[in-house]
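Provided herewith is a single structure, encoded as structure tokens, for subsequent inquiry.
Letters A, B, C and D name the chains as they come in the text, with residue numbers starting at 1 for each one.
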Amino acid sequence: MSPRQTTPTQDLMRGVWKENPVLIQMLGLCPALAVTNTVMNAIAMSAATTFVLLGSSLLISLLKNHIPKEVRISAYILIIATFVTVVDFSLNALAPLVHKELGAFIALIVCNCMILARQEAFASKQRVGRSLLDAVGTSAGFTIALLMMGISREVLGNGTFLGVNVMGPHFEPWIIMILPPGAYFAIGFILLGVGYWQERKQPPTKRPRDWPHGVRSSTGPADSRRERQVA
Amino acid sequence: MRPWRGTGWEDRSGGEGTMEEPRLRLMAAPHLHAQDSTARIMWSVVATLVPVVLAAVWFFGAGVLLVIGAAMLGAMLVERLLGPGGAIRDGSAAITGLLLGLTLPPGFPLWMAFIGGAFGIGFGKLIFGGLGQNIFNPALLGRAFLQAAFPTAITTWPAVRPGEVLTFQGDLLAAPLMTPAEVDVVTQATPLGLWKFEGEVTGLWDLFVGATGGSLGETSAILILLGGAYLVARNYMNWRIPVGIFATVGLLSILFGLFDPTFPGPLFMIFSGGLVLGAVYMATDMVTSPITNGGAWIFAFGIGFLVVLIRGWGGLPEGVMYAILIMNALVPFIERITQPRVFGKERGVKKAEAA
Amino acid sequence: MATRTDRRAPKRGLAGLGELLFGPSFRHGVHPPEAKGLTEALPIRRMPFPEEIVLPLRQHTGAPSRVIASVDDRVERGDVLGVADGYVSVPVHASASGVIKDIGWWPHPSGTMDTAVRIQVDRFAPQLTRPRIVPEWRGLTPDQVRKAVQNAGVVGLGGAAFPTHVKLNPPKETAIEVLLINGAECEPYLTSDHRVMVEYPERVHFGIRVMMQCLGVDRAVIGVENNKPDAIARLRETIPEDLDIEVIGLTVKYPQGAEKMLIKAVTGREVPSGKLPMHVGAVVQNVGSIAAIAEVFETGYPLIERIVTVTGPGVRKPQNLIVPVGTKTRDVLDFCGGLTPDATEVIFGGPMMGVPQPDLDVPVMKGTSGIVVLTEKESARPQALACISCARCLAACPMFLNPSRLGQMAQLGLFERMAEEYHLEDCMLCGSCSYVCPSNIPLAQMFALGKAGLRRAQQRAREEQAEKERLEKEAAARDQAEREAAQEPARKEREVA
Amino acid sequence: MGDLLFIFVSALVINNFTLALFLGLCPFMGVSARVATAVRLGMANIFIMLITALCAWFLNTYILENMPYLRLISFIVIIASLVQITEVTIKKISPKLFRELGIFLPLITTNCAILGLAIFQTNRGYDFAQGMVFALGAGLGVTLALVLMASIRERLQFSSVPSLAKGVGMVMILAGSLSLAFMGFAGLFSA
């Protein structure tokens, strides 16, 4: 599992879109759904997460040779938790309103699997510079995803963007978009779009739609799966 | 004449009484088929709803036709554009739109009704692969979406005006995406709202014929019951579901009435709000209700229980829609535990755990 | 034991009311149009001998007969052409006098080609059998009766063609309490059993007498669907006084004639899954087979002809015919006035479970109870739509399966899961689910394919298992060899030391 | 009593951890493909949640009163060690249960529902009884969502779902629909 050598540009750009943590790898979905009812919250959450990711990546890639392998996950979590505590308290001091909006979800950055995944997969094995580049790229990807959610939800659900009315005075807001179901529908819709985009990129595999002409032969998906397991 | 087996025919002697060689067809047994078809079932459901629509026109004016039409248009358009072929002809999209329309208030802006229908079909049905694959009743999912998206518009109930067919109530023609204008609407609270927030109980006769405020198709209990009876007689509907729901709601309201005298009687609970329409036309949707008879009873009991729970202790005056949606979600689970006992076997599904 | 032989207690409640009105039955099932009016009142006629007879060697379940005749042999009616090849097998007899023209491939009613003996019928032969080749029944031991039944080539005439002597030989440890005679004839259109019961009731009772003696049971029940009141009346009138025979009118419902359903209706017992009727103390025989056994013992002829209902909207003159086994479909249909122009499907057996025939050269076999010709109107199959979970198939399935879910799984080829979780093996392919499906999903067909797929998969699994064991054995042997090879130098060293 | 009932129902359905608060989504998507595994994960969840609530209450009451900055770190440490201890204990006491729950216990360590529970409990200042009822409701709520989703997904295996919608997008829309349906519980027992 040694990471292949990549150029710095690739390190930076990887997480932005091609391996977008939220939209492609489905990591860190909790914050992407929970705190994107307004653009402001999305930005604040992205900033906090970026800080934690940068900080912990830096520290962990610096300490990578000093952390015993057996307890590395616990060590990573402790480091991340420390940075989260820092963010939690500084945000409370700097912007108490935003902190109140985000509530427990700032603390829950600890559990954002995206951060732990980057440490385990990248920062713990690479030099500091590359880890930072990767962290920046991943954070950018995270921010992009959160902004997509935040913008679609705030504009539709409230008719505003960053609190400024953008849909005209008589716009009827779709309240549902700032409620939990709306978050699920929005991310579902976006993921469907991403899936469509990925499917378009690949040459279409012709899958015969054999209903209702008959039963698929025994070389159906179930069989091939079993054969793979046997092999 | 005989392309692939030449034996026997040509060298047959004795030509009298011979026959034209038929073109034989090879098809799997059984070679007979009952006359019913899915499309016939669906269109029968639509047909039994026509009297309900006409009653809505009588009570709320011709504007209701526009509301229903907009919902149907939204449903059928999305089905036509994105769905697999043939889905318009089988009538399922039409039913979705029609049922959604019947649950909306009479003066509901048309663009919202359209969005409700489109959402119900798109996210409630097509995403699962179209007809027969959906988990939630698409009409109710559309309705729940509208309820969450436009809570004000969907709880504005214009007053019932029997006979004034040509009046159009509410701002039906509000521009798309725009707030409906503050037109002069005489509103009337629904019987359930009156009971919940004012403590007032509407007369049973009004509930029964439908001369009350409320969603345009939910009010006339008698017509809905007649339509349901027809569908039951034709075996197009599982009678266990409405019967189970009515029984549960009735019994529970009698039970709670023993402890709390202000709790309304069973007949009020059954005939107010959307319970009759929901029990007869929404809960019995074949796709989203359990396929087993045992499951149907559990399903009906669950709906009845949730309706009483939400009406009695929830924040909303009406809970039929949510009750049905929640039980829809439980249907796969209910079916799992109510598989029939196979002939010649002990009860219980064999456990097939993934190793 | 005494309690088990007691008659079934009448049902209570609504089921009891239904039983009172329509007769006992099983639960679920369907009501296809009966369509028996075409032939049910027509007396059985004998069909003249055709020019050519084709006798496939595989006319029954089990091993095909082994041919002993050769080409150009002159055979008389009743001569043995092929002998039984094993226990679950019966001989094939010539059904007409003539000369063997050919022994080779011929279209078989199962849709394949199979070995058959073709006899050029002698036009001027008297077509009489040789004198009595089956012994007198009186005084025979059960073993001798079974041997006689096997030698006469008797198989079940209801359709499955299972050799009768096997059914007459239950293992010693199972006590048979009742002989059930299946006169339900639940398939639409078919009336051959009906006519047998109306015209030859004494023969039915005689057959029952022989079988009761052979099986050592003292009670027999004839189950007849209530749409044949004349048959029920005739059978009741003619019950011999010394026999305990009961005639029960059953609800008119498909598949009332399925063995398990008949047992359920008459005795109230369910044959356990994967078990045979004898496990609940019953032996079931088709009414036609009983009459055939009676005829065999009466006349001494082997089974060389049978009664076939030729019917359906596609036949000009529907009839009940005595047909020599081996007569080609074309000759039978010609005798019935030929086909109408709109005939599209020729089916051996009833329209619910029968096998469609691609070719009119296929011969009538011992198990061919009817030839049904359907027209465009009946055989049209509209496009199959998605399942809408209407639950009709569940309400139809006499085995209480979930055809809806099974169908969805079959479409994905999940045959193993169908068997594991939804009891595919219990499906008897009666077709009730396909019949009622409003979406026209070919459920029964998919289950047939599913069962075939399952058999293939199991076969493959067995082969894989055998292969794995072989490899393991080889590996073990190799390990052993290596270990020995490794020990070799050590031993040498020790020896040196 | 009414207060406890409201806390319970609120955690169970109104503010369901999964459907309304978006907590514990990773296992929700990963483990909700089969009902049997979903039930087991749910059970493990309830169990750990109850213990966590107990410990969090103890910590809050006796130790962390004056050290809020250590709260997050100590919760994390506590949860991780709790899971470890539970694993060992269960293995000792009931190997059968361990086989059933085994692989799910470590999964829970990084499950934000557990940490979320502790934080919510702290922020809302629940006393002991309230905390336990809250944990029970939340655990049952997570289990409910998991089992519902799993049974739906098991059924969808047999549907002709368009290839585009297979995967997480579909799960999200299903979760949205469930969340929409659960909105009917809004305000239950609040009066």
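One rule holds in what follows: a contact is a pair of C-beta atoms (placed from the backbone, for glycine too) under 8 Å apart; a residue touches a chain by one contact, two chains touch by 3 or more.
Please read these numbers as outputs of a predicted model, since none were measured by experiment.
Chain B has the Cα centre that lies closest to the mean of all protein Cα atoms in view. Taking C-D and A-B together, the chain pair joined by more C-beta contacts is A-B.
Put simply, the C-alpha centre of chain C and that of chain D have 58 angstrom between them. If you average the Cα atoms of chain A and of chain B, the two centres end up 39 Å apart. A separation of 34 Å divides the Cα centre of chain B from that of chain D.
With centres defined as mean CA coordinates, chain C is found 64 Å away from chain A. Counting only residues that touch two or more partner chains, chain A has 176, 179, 181-182, 185, 188, 192, 211.
Contacts with at least two other chains are made by residues 383, 385-386, 405, 411-412, 417, 440, 442, 445 of chain C. Of all residues in chain B, those that touch two or more other chains are 123, 127, 129-130, 132-133, 145, 148. By the touch criterion given at the top, residues 123-124, 126-130, 132-133, 135-136, 141, 144-145, 147-148, 306, 309-310, 313-316, 319, 321-323, 325-326, 328-330, 332-333, 335-336, 353-354 of chain B touch chain D in their complex. On chain D, the positions that touch chain A within their shared complex are 19-26, 29, 69, 72-73, 76-77, 80, 110-112, 115-116, 119-120, 123, 160, 163-165, 167-170, 172-173, 175-177, 179-180, 183. Every residue of chain C that touches chain B in the complex is listed here, in rising order: 30, 32-33, 51, 106-107, 111, 188, 260, 264, 270-273, 275, 314, 328, 330, 333-335, 337-339, 341, 343-347, 351-361, 372, 374, 378-379, 381-383, 385-392, 394, 398-402, 404-405, 417, 420-423, 426, 429, 431-432, 434-440, 442, 444-445, 448. Considering their complex, residues 386, 405, 408-409, 411-412 of chain C touch chain D. Chain contact summary for the complex, chain D toward chain B: residues 34-37, 147-148, 151-152, 154-156, 159-162, 165, 170, 173-174, 176-178, 180-191.
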